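One chain, chain A, appears in both complexes that follow, with chain B as partner in the first and chain C in the second.
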Partner chain A sequence: MPEFITNPNLALLLFCAAFAAPLLTTVIGTWRPALTGIVAIVTTAACLAIVGISYVAELSSINVPWSETLGLRFHLELDGLAQMYALLATGIGLLVVIYASRYIPLHLEHHHRGLDEQPRFFGFLLLFMAAMVGLVMAGDAILQFVFWDLTAIASFYLIGFDRDREDSRTSALMALLVTGISAVLVLIGVLMLRSELGTYSIPEMITLESGGTNVGIALGLIGIGALAKSAQVPFHFWLPNAMTAPTPVSAYLHSAAMVAAGVFMIGRYYPMIASFDWLLDAMLVIGFLSIAVGGVISLTRDTLKQILAWSTISQYGYVVVMFGLGNEYGLTGATFYVLAHALVKSALFLTAGAVTEATGATEMSETGGLARRMPVLALGSGLAAAGLIALPLTIGFFKDELFFAAAWERGPAFGALAVLSAALTFAYVSRFWIGVFLGPVRIEPRSISWFLTGPVLVLGVSTVIFGLWTAPVIGIAESAATLPANGPAQIEIAYHLDARHENVMAIATWALGILLVVSERWWSPAARAVASLGDRVGPERLYNRTLKGLEYVSDWIHRVEVRDLRSRVATILAPAGILVGLAVIFTPNSDAFEIGNFDRGDLPVAMMLLVTALAAIAVSIPRDHLRIVITVSCVGFSLSVIYSLLGAPDVALVAVLVETMLGVFFICMLLLMPRSILRFETREPSERFGIRRDIVLAVITGATAFFVVWGVLSRPSPSTELIDRYEELTPLAHGRDVVTVILADFRGFDTMGEITVIALVMLGVMSLIRKGRLR
Partner chain B sequence: MTLFISITIAVIFGSAAYLMLKRDLIRVITGMILLGNAANLFIMAAGLRRGRAPVVPSEFETSDSLVQAMTLTAIVISFGVATLVLSLVYRVYDAHHSVDLRRLGSVEAVQSGLDDQPTAHVIQAADDAQDARQDREIAARQGGRW
Partner chain C sequence: MTTEMTRTTCRILLLPILMISVGVLVKGYADIGDGFSAGVIASLGIILQGVAFGAEEFDRLPLVRYAPLATFAGLFLALAVAFLPVVSGDPIFLHHPVAGDSATHFGALEFITPVLFDIGVFLIVIGFCVGSIGAVARETVRRERDRGAQAETRRGSPGAPAERGDRR
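So, the complex of A and B:
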């Protein structure tokens, strides 16, 4: 068997499979809408299988030149970190796609939309997955940025899937702007790293890392982009708004994929980030702020998906804090946390969607008591919730254990903060589950498909399975933590029945959490006050203000510039002049300008130049249009004399011909229009400053042209090789005049294009003059 | 010589800019023609060497043939642009009975409701445009060319 079958390049294979998935789904889905879901499931499963195989195969990568002159390489590497995030993207992706294959048809039906919109949804969902897979494998910073932006674009279409609703369009735009603008910061950071370290390759950067200030700033910019993607304070506001998306999108993007991309980025660059203490401290502050803001606001929300969205902000705060703590527990903990959180949070999102599907309720106060009516869903999401609040026997217990260990190692104060954070989590997750599944039944649920409850149960049960059989998860997290830790990482987790710090902290958390749950009546006014304060002065308001301000500026520019052609001309000329002026002032130009030789033979040319310049100035003097046309012709004809003096008879002849035709045509046109119309300008009162403004602008423009032209002409190309070559080749083309041969032979296609242009112009002129009739 | 040519190009360019800022569309077009002229002279001046006409075999040094070919193309294209724009101006005159930019702009502003307090001149201009349209409609009904 050939080598690529027995030992395939898994990195390349995964990349191709991931990008084939959206393509196949869209094509087949457009052909047969009913097949969309099945194709999506099968292709996603194939990607998941490849990721799975990669764990037993050896490390694979592909590294080929992409754009060599720019130093870019198409470098994909399926290392431990990439494997873990690819596993999340495809694994959670598969469950979400299974869920969506039933959910989306129902959703479309509710909104009275055709089923033919299915391919659009699955296409973008899988495109997102592909971008995610590409992102995590990319070893070249620019390639990584391309995928980074692709996730933002795909998320825009997914969040705005309900395009008939205004709030969903606004939210999609918000997510795109926040993550897209911050992506520009990532690009700037990457370019700065390139200029400092001389490479786009991330593994090389890590070995070259110099610890210079610019490297720190670059990493800070990348970090801002990453934190905005992970919905951390103060960029968090896009995430709760993005909950207008269909539930599978929320479950996928906002628990496992898009927000995970942010912390993935931090993990990728972590060995470099770790050498800057101020970056780590900034991450600590932002992380704890996000935990607090997300947790408190989550406690006040009533909409099911909003509770989960704010909780996601808080949960990713944990990850950022653990990266900020920077010790060994923190690094392994951060990767482990992302894994555990993705499992449980997507289950909770899918639960919210299933509940809404069954009862029609989106608010927590409308639901309740569903445990008896929907036991399977209650069990699945109960297990997931138990995982999120870190009860023993679930995978979640260990994520908090690592978090506590990392915080305690830094100091007791951090330990206390960690316990408080975890207690907040305990409170809002319990509130969610209790509110939905316990208490009196408010709305009687309809029975719903297994496709909607199955994935929740799978996720919930796996929370427990991996809580008991920890080896595979530890293996995945360890290999993923190798890269951020820049060396082998070890996670030692097990159940210990003794009074170690972690256990005490966990028990304190549960106690505090239960206290919070039962005392809701006491603290809820305060929490509500905090939430409404956040609504009133939060960054979302700043975002809206900025957007309004930009719209206002754009309207103003439109009013100034577009209504009058002359202002438009002026708005081009004046800034161009200012920019060139600044360039002339601020660039060293001691020998950039040359006066040039002047001998007696040049005298005729110089005289004709003078005539041309005078004629050009004279064009603006006459009132009468006929005289203007004649003066313009003067400029043209004197130019043709210059051409002939410069040894260019062909050009001179053409110039004379063209100038004659243009003059005749111009005068004919003037004849078609009555004199009274042409003279109109003299009748109307002239504008204040009009003439003066025009003269100033003309002088600025002339000066601009002067410096640009003089600068260019002072630095002619030293090599005349090309001209000599043309002259040598001319006899071979059976010609003597080099210019003719160039036009008719060497650049024949150019000339053909030009002839076509002139023919089209003539047709256009004819139809314009004859008012649309060509006969 | 470089300096002289640069100054000339700059003068033509500045003059072109001045004309393009005028209200009269005919002058705007002459500005565009001058702009093309400035550009053509610039391409010619960028020639790497000067000499006799580039006809081979030649015992003298020949001038740069490449820029000549480029200039030729540029001249023809700027001619095409100028004629097309001239015809467009004719159509503007035909539709609005004016080639004055300010008048055209203010009539448009009145018609689209942007300007609530038009001056007497503007009202006059809007009426003229209305008359022109009516004339054309009458002509169209009669079936003859207007």
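So, the complex of A and C:
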């Protein structure tokens, strides 16, 4: 068997499979909409299988140059960190796709939309997965940035999938703006790193000595982009708004993928970040702030998905804090935390979707008592919730154990903060699960498909399985943590029945958490006050204000510009005239503005110039449109005479032809204008203000153009070398006419651009006059 | 309406004008003129028919009907000449025969790829000029017909509001 079958390059294979998935799904889905879900499931499963195989195969990578002069390489490497995030993207992705294959048809049906929109949804969902897979494998910073932006674009279409709803569109735009603008900071950071360290290759950067301030600033910029993507304070507000997306999108993007991309980025650059203490301290502050803000606001929300969204902000705060703590427990803890959190949080999101599907309720106060009616769902999400609040025998217990260990190592104060944070988590997760599944039954649920409850059960049960059989998860997290740690990383976790710090802190957390749950009546007014304070002065308000202000400015400019044709011309001429005029004034010009000699041979040219000038003045006299057109043609024709007098027959020929054609075009345009308007414009005198403004503008632009041309012509031409060279080369190019050879050969690329513009204008004319039909 | 004299002259002129434009095109590499000038000359010849025979007749000419498509045919031809060398690893706009090789002759005519590129330019220009004027011609014919139909309805049922009013 050939080598690429027995020993395939898994990195390349995964990349191709991941990008084939959205393509296949869209193409086959458009052909047969009923097959969309199945194709999506099969292709995602294939990607997951490749990731799985990569754990038993050796490290695979591909590294080829694709733009050598710019130093760009197509470098993918399926290392431990990439494997873990790819596993999340494809594994959670598979469950979400299975769930969505049943959910999306129902969703479309509820909104009275056709099933033929399915390929659009799955196409973008899988494109997101592919971008995520590419992002985590990319070893070249620019390549990484491309995938980084691709995730933002795909998420825009996913969040805005219900495009008929306004809140959905504004949320999609908000997510795109917040993550897209911060992505520009990432690009700036990457370019700064390149100029400091001389490479785009991330593994190479890490091996270099890098302690300069500029490197720190560059990493800070990348960090801001990463934190915005992970919905950390103060960029967090896009995430709760993004909950307008269909539930599978929330479960995928907002638990396992999009927000995880941010902390992935921190992990990728961590060996460099670690040498800057101020970056680590900033991460600690932002992380704890996010935990507090997310946790407190989550406690006040009533909408199921909002509770989970705010809780995600808080949970990723944990990860950022652990990166900020930066000790051995912190690094391994951070990667482990992402893994555990993705597992349980996506289960909770899917639960929210299933509950809404069964009862029609989106608010927690409308539901309740579902444990007896939907025991399977209650079990699955109960196990997941237990994982999130770190009860023993679940994988979640260890994520908190590592968190506590990392915090305690820093000092008792951090330990106390950690316990408070975990207690907050305990409170809002319990509130969610108790509110949905216990208490009186408010709405009788319909029975729902196994496709909706199955993934939740799978995720919930695996929370417990991996809590008991920890070896595989630890292996994954360890191999992932070697990259941020830039060396071997080891996690030693087990259940200990003694009074070590971690255990004491865990027990304190549960006690505090239970206290918080039972005392809801006392603290809820305070929490509500915090939430409403956030609404009033939070960053979301700043975002809305900025957007409104920009819209206002843009509207104002638009109104000024398009008031009438004259103001439109003025907005082009006035800035051009003023700017060029300033340039003329500030250019050193000792030898410029000379008046040259005038001999008798120049007489014909001078006379024709006079004719041209007179024709140009004459344009302003007639009021009848046809006469204006003919006078304008006069200017052009007399100019072409000047070209031929100066010995440029090619230019003269083109000028005559173009002038004739323009005349025909102008007359045709007049044919299309309503007669009444033409007649009105001919008779009605313009306003006085308009005339004065037009004269000022004409003088400014005319004078500027005059001085520029004068200045250029009085300088001796820099060199005729280029022209000589062209003339010399023309016979070699099998030509005798230099102008044509320049157009079609030497400067052919310019001509290509120009004729492409003609073709585009053609399309424009056709869409304006014939609504786009070409024949 | 134009006189019979004008119409006959214009019809007779069409072929010579097209001949001249093709001449300007193929001799462009050795003499004044290129694909652009040739395109405009041919367009003016075709548009002259519109001036003589009126918009309705003009719109019916096959040369006018297919002009917009010619734009894109020309664009593809030019793109092909420009970028096909990339396939064999050569720089863009590598023309054949390359410098030093001798070209195949047909009389005084040389077969070289820059002329193909110029033909692309020629098609684009012709498509643009004739196509846009053709679009305007058809639009004026349509409006005339609308106005006629409107007058018809008004005459048919006095006092009834016009169904398709003037758009502006």
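We adopt the following convention: the second predicted complex is superposed on the first by the 558 of 775 C-alpha atoms of A that agree within 3 Å, B and C clash if a C-alpha of one lies under 4 Å from a C-alpha of the other, contacts with A are read in each partner's own complex, and residues count from 1 in each chain.
One rule holds for everything that comes next: contacts are C-beta pairs under 8 Å (C-beta built on N, C-alpha and C of every residue); 3 or more make two chains touch, one makes a residue touch a chain.
Nothing here was measured: the structure is a model prediction, and the numbers come from that model.
Of the two partner chains, neither chain B nor chain C is touched by A:468. Residue contacts after overlaying the shared chain place A:732 against chain C, while chain B stays out of touching range.
By the touch criterion defined above, A:699 reaches chain B but does not reach chain C. Applying the stated contact rule after C-alpha superposition, one finds that A:609 touches chain B and leaves chain C untouched.
Of the two partner chains placed by the overlay, neither chain B nor chain C lies in contact with A:553. When the two complexes are overlaid, the chain among chain B and chain C that reaches more residues of chain A is B. By the touch criterion stated above, A:518 is placed in contact with neither chain B nor chain C. Contacts of A:579 after superposition on the shared chain: neither chain B nor chain C is touched. Once the two complexes are laid over each other on the shared chain, residue contacts for A:748 go to chain C alone; chain B is not touched.
In the superposition on chain A, contact of A:542 is made with neither chain B nor chain C. Overlaid on A, the two complexes show chain B and chain C touching the same residues of chain A, namely 649-650, 654, 658, 661, 665, 669, 672, 677, 736-737, 739, 743, 751, 758, 761, 765, 769. Note for the complex: chain A touches chain B at residues 563-566, 569-570, 573, 594-598, 602, 605-606, 609-610, 612-613, 616-617, 619-620, 625, 628-629, 632, 635-636, 639, 642-643, 646-651, 654-655, 658, 661-662, 665-666, 669-670, 672-673, 677-678, 680-681, 684-685, 687, 693-695, 697-699, 701-703, 705-706, 709-710, 712-714, 716-717, 720, 722-723, 726-727, 730-731, 736-739, 742-743, 747, 750-751, 754, 757-758, 761, 764-765, 768-769, 771. Every residue of chain A that touches chain C in the complex is listed here, in rising order: 649-650, 653-654, 657-658, 660-661, 664-665, 668-669, 671-672, 674, 677, 732-737, 739-741, 743-745, 748-749, 751-752, 755-756, 758-759, 761-762, 765-766, 769-770, 774-775.
By the touch criterion given at the top, residues 1-24, 26-28, 30, 33-34, 37-38, 40-42, 44-57, 62-66, 68-69, 71-73, 75-77, 79-84, 86-91, 93-94, 97-103, 105, 109, 114, 121 of chain B touch chain A in their complex. Interface of chain C with chain A (complex): residues 28-37, 40-41, 43-44, 47, 65-66, 68-69, 71-72, 74-75, 78-79, 82, 92-93, 95, 97, 99-100, 103, 110, 112, 114-115, 117-118, 120-121, 124-125, 127-129, 131-133, 135-140, 166, 168.
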